[in-house]
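In the two complexes that follow, subunit A is the common piece, with subunit B as its partner first and subunit C second.
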Partner chain A sequence: MSSFLLQTILNGILAGCIYSLFAMGLTLIYGVLNFVNFAHGELIMWGAYFLYFLMEKPLSLPLSFALLPALFLTVLIGLGSDRLIFKPLRKANRLTLLITSLGLSFLLRNGAQLFWGAEIRTYGLEIKKGMRFLGVSITLNQVAIIVVSVLCIFLLYLFFYKSRMGKSMRAISDDLELARVMGIPSDRTIQWTWVIASSLAGLGGILLALDTNLHPGMGLINLVKAFAATLLGGVGNLWGALFGGMIIGLAENISIWILSPGYKDAIAFGIMVVMLLFRSSVVFSSKE
Partner chain B sequence: MRKIIYPLIFALLAFPFPYSYAQETYKIGAAFALSGSIAVYGEGFKKAVDLAVEEINASGGIKGRKIEIIYEDNKSTPKDCVTAVRKLITVDKVPVIFGPAASSNFMAAAPVAQENKVVMISAEGAAPGLTKAGEYIFRVFPSDVLQGKGISDLCLQLNYKEVPVMYVNNDWGMGLKNVFVENFKKAGGHVMDEIPYDEGKTDYRTELIRAIKGNPKAVVNLTYIKEGAVMFKQAYEMNIKVQWICGSAAKSPKLVELAGKSVEGIIGTYPVFSQETKEYKAFRAAWKKKYGDEKIPIFAEYNYDMVYLTAKAIEKGGYTSEGIRRALFEVAKGYRGVTGDKTFDQDRGVGSEYGVWTIKDGQIVDYKKKID
Partner chain C sequence: MDLFLHLSVMSLIYIIFALSLNLEIGYTGLFNFGHVAFFGIGAYTSALLTLHHFPFEISLLVALFLSGISGFLLSLPSLRLRGDFFGIATLGFGEIIRMVFQNEVWLTKGPMGLPGIPKPKLLSVRFATLPQYLLLTLGFAILTFLILRGIIRSPFGRVLKGIREDEIAAEALGKNVYRFRIKSFVVGSIFAGLAGVLWGHYTTFISPNDFTIIETVLVLLIVVLGGKGTEWGPILGAILLIFFQESLRFLRLPPEYSRYLAPLQQMIFGALLILMMLFRPEGLIKERREHGCLS
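Coming up: the complex of A and B.
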């Protein structure tokens, strides 16, 4: 029975890592640009599908070669959506941005469906039995999820606290106008924000798809989880997002001790509803 | 102008077209999916129906009169199914219709046939409530209700007396689960846990962990192809070693394609008929002769049987819907078609034997132990 508990905790940590990667990207965009990017989920999905595209015929690249180009393409979508859509709306109010990102999300999701269809796909890698420790099984992919997540968090820490660009980002996140007055190049900083957020989304999407499957709807449900994590950790707060993602991942997985697994998703939604009741300003009104 | 047109119309009405004298046929309507999303099925059904009609007509038709099928495209949507059935009833005035495929499409059009007191038959619908619209609605394809019992029987036969059941959280999954649980309990089995899950997710680990909580030897999983593929893969990675028992909805090469070796050894039930009977062999030979190959499309056999039963009912009960409705019960009683015994039960449905499929070396094959 204890192995049952350990396995649920491990699954919780795995889900938590993925949610955290998504939530950190989401919260970063929010912090710098001050709106909730509903198209973030689609960056997750496109990241996974780009890898699929590169690994399938006619390119048939091996995983190790396809990984970086897939991330690069995801970043291009992120940057492209900023250049073409969000940049002209930089001064628009939040509701406009919210609706715009929602529209973009539909466009990207149905676009993927147009290319790859609505059916579930896999990378076609060989299925391997998990390794066993203390009655808990874990696959290599899952080890990779944990390692990559920890690495990302470490790199992000270095970036935000040691690099000039990271410090600029935090400055803009605090106050865009003031940062401009102080001579921080806001356009370049915003571009870098998109690069980081898209990379995190693409990487998380790829890890998730390696561990599970690809589906055009995979971004949406994970966006909801990431959003709940963001709210839980305090919007715009990077470490809060990390914390929120972990909490939601663990709560969902441990809940099956008492709840029917069919209601697993309700936990994230429940957290979201409660947080919105107290912090509804996040989505609609302007920043305090 | 009017002076010419009115007499002309009158003349046309008063004197029916000459060819209807020359070739009086028994018309049967067929509201098939000839275009739209499931047209790929409709084509196969049409070929099967055409084959049966050709055979019947070649051997003298029904009391010397030939059968003629009036095909009406139902465009694979419920709305157009209703239109097609209505057209067949009001314009062609047929007393009997071969209904649309897909349970939801069939059930949309069934009330129209029932209201107009026209017999409508399904050769593919599996939904338990398919014939609920009324006494004029028949099916020659077994209901999923039987499948639930089939799975329960299979569990007990393999000596799995304690199993958890996982099912897709929709009308189909819940309906099938209820029938299974009811039968399994009645037969002395113990259902350890009931685990519903949502369609279309990419991660079912939590559900899987919950399912194996009490260390069961076997798990009943009423799943579709997509969901099954994800689950079996994850179960394999998690070192879950149980005997998976499924229904017919997961029986597809696509499952193997998606989930690879992780589905090796899973078993499931599906409605079967023997391919060794003389009826089946004759059907296969006739098919090969007419179409030149042995690639018999899915459910073609059921369509073929449906035509023969209908022809027999017309012969016995006369060419009226009431006559056909009554005669269908009589002619079907003990009738051995290509798909086995076609005796109608009180719900105007048929029974079926259930076979067991398994996956061996990436191929779907018959499980060695058969259910009787």
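Coming up: the complex of A and C.
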């Protein structure tokens, strides 16, 4: 029984690591650009599909070679959407940006469906038998997920607190006008924000697809989870997003004891509603 | 001729659907991205009740009531959120309602869907043939249009517009913004439910796959393309987009291409949303700004 509990917690932490990567990217874009990017989920999905594309037939690259190009392509989508769509709308109101990013999300999702169809796919890696450890089973992939996530979070910490660009990003996120007055180049900082948010999304998507599978709908549902994690941790708060992601991952896996697994994806939403009802001061409705 | 009648029925149903969303997005400034949930609740409720031999009048009323109640329950927590967060919360709600349709197999038959939904019989008149059904939907569409127009032109509607333009000013004038928004959301949900009822009895088969984000994007695009915050915009948008979408279905394409048709069409919808926002955010019909509006 206790090993069952440990297994649930381990699965929760695994999912939590991935959700944290999603949520940190989402909250970063929100902090710097001040809008919720609905298309963030689609960056997650395209990251996973780019890897699939590189590892499949004509190219058949091994995972280790395909990883960086896949992330690079995901970043290109992020930067491209900023250059073509969000940059001309920099001064637009938030609701215009919202509809635009919803449109972009729909465009990207169906784009993936056009190329790869709606069916569920996997990377076709051979399934390795899990190692037993304290009565808990864990595969090498899963160890990799945890290691990569922790590494990412550590690198992000270094970036935000030690590098000039990271500090600029935090400054812009605090107060755009003031940051401009201080001579922080906002255009370059915004581009770097997209680079980081897209790589986090792409990497998270790849890790998720390694552990489970790929399908064009994976972006939307993970966007909702990332958003719930963001709310849980306080919007625009990077470490809050990390914490929120973990909570959601754990809650989802623990919920299986009580609820039908068909509702696993609804847990994030449930947590969000409960939180809003009892802690409505986190995000309040006034102010445009 | 039948094709034309079919297109007209579908357009009218989507006109009702879009008008209800326009009340929320266009007039109240509530960015509801889960409107399909209420469409689905209306469709499933009425379908289930009539399949269990309840009269259509009762099924319709229960369906509208349930749509309104679920709108109320959703709005209580989510309307505490600011505009864009409200958008994602409603988007999530839409997905969850679909999960309920899919998972509660004892009630909804899950992914199998509900076949054989009977044609409605209202006040002992049966609306079975296509022209009859057209009359029914036309009646409901006119009713919806008149009721929603009445609401928008009333003092209540002017407060909604005031909230959309400047929430703080509306609050300073003593209006309870949260309550006005809830009321607008509930009314919108009820009429979305009505559209769902009419749609379910028209197609006679519904399944969870009919209530995805695709419907949300379509109805949003109808409102945005036609012109949000206008009386005729959603009507124009619905006619244009439904004629476009439904006539694509009648293209005789070789089967190896038809797989690409649906994603392509939806990519066009997504791209249209972006292009509208970039180049003509006010839509085809532009809202006239009245004097005395808080702006």
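Everything below uses one rule, namely that the second predicted complex is superposed on the first by the 273 of 288 C-alpha atoms of A that agree within 3 Å, B and C clash if a C-alpha of one lies under 4 Å from a C-alpha of the other, contacts with A are read in each partner's own complex, and residues count from 1 in each chain.
What we mean here is this: contacts are C-beta pairs under 8 Å (C-beta built on N, C-alpha and C of every residue); 3 or more make two chains touch, one makes a residue touch a chain.
Quick caveat, the model's predicted, so the values are computed rather than measured.
Touched residues of subunit A were counted for both subunit B and subunit C, and C has more of them. Contacts of A:265 after superposition on the shared chain: both subunit B and subunit C are touched. Using the contact criterion defined above for the overlaid structures, shared-chain residue A:221 touches subunit B and also reaches subunit C. In the overlay built on the shared chain, the residue A:253 is in contact with subunit B alone; subunit C does not reach it. In the superposed pair of complexes, A:188 makes contact with neither subunit B nor subunit C. Of the two partner chains, subunit B is the only one that A:132 touches; subunit C does not reach it.
After overlaying the two complexes on the shared chain, residue contacts for A:11 are found with subunit B alone; subunit C is out of touch. By the touch criterion defined above, A:87 lies against neither subunit B nor subunit C after alignment on the C-alpha atoms of chain A. By the touch criterion defined above, A:98 reaches subunit C but does not reach subunit B.
Annotation: subunit A residues 221, 260, 262, 265 touch subunit B in one complex and subunit C in the other.
Chain contact summary for the complex, subunit A toward subunit C: residues 35-36, 38, 85, 88-89, 92, 94-100, 102-111, 113-114, 117, 220-221, 223-224, 227-228, 231, 235, 260, 262-263, 265-266, 268-269, 272-273, 276-277, 280, 283-288.
Those residues of subunit B whose C-beta lies close enough to touch subunit A in the complex are 169, 195-198, 200-203, 205-207, 209-210, 213, 226, 229-230, 233-234, 236-239, 258-262. Of all residues in subunit C, those touching subunit A in their complex are 29, 31, 33, 76-89, 91-93, 95-96, 99, 102-103, 167-168, 171, 177-178, 213, 217, 220, 224, 259-260, 262-264, 266-267, 269-274, 277-278, 281. Residues 4, 7-8, 11, 15, 119-120, 122, 126-130, 132, 137, 139, 208-209, 211-215, 217-218, 221, 252-253, 256, 260-262, 264-265 of subunit A are the ones that touch subunit B when the two sit in their complex.
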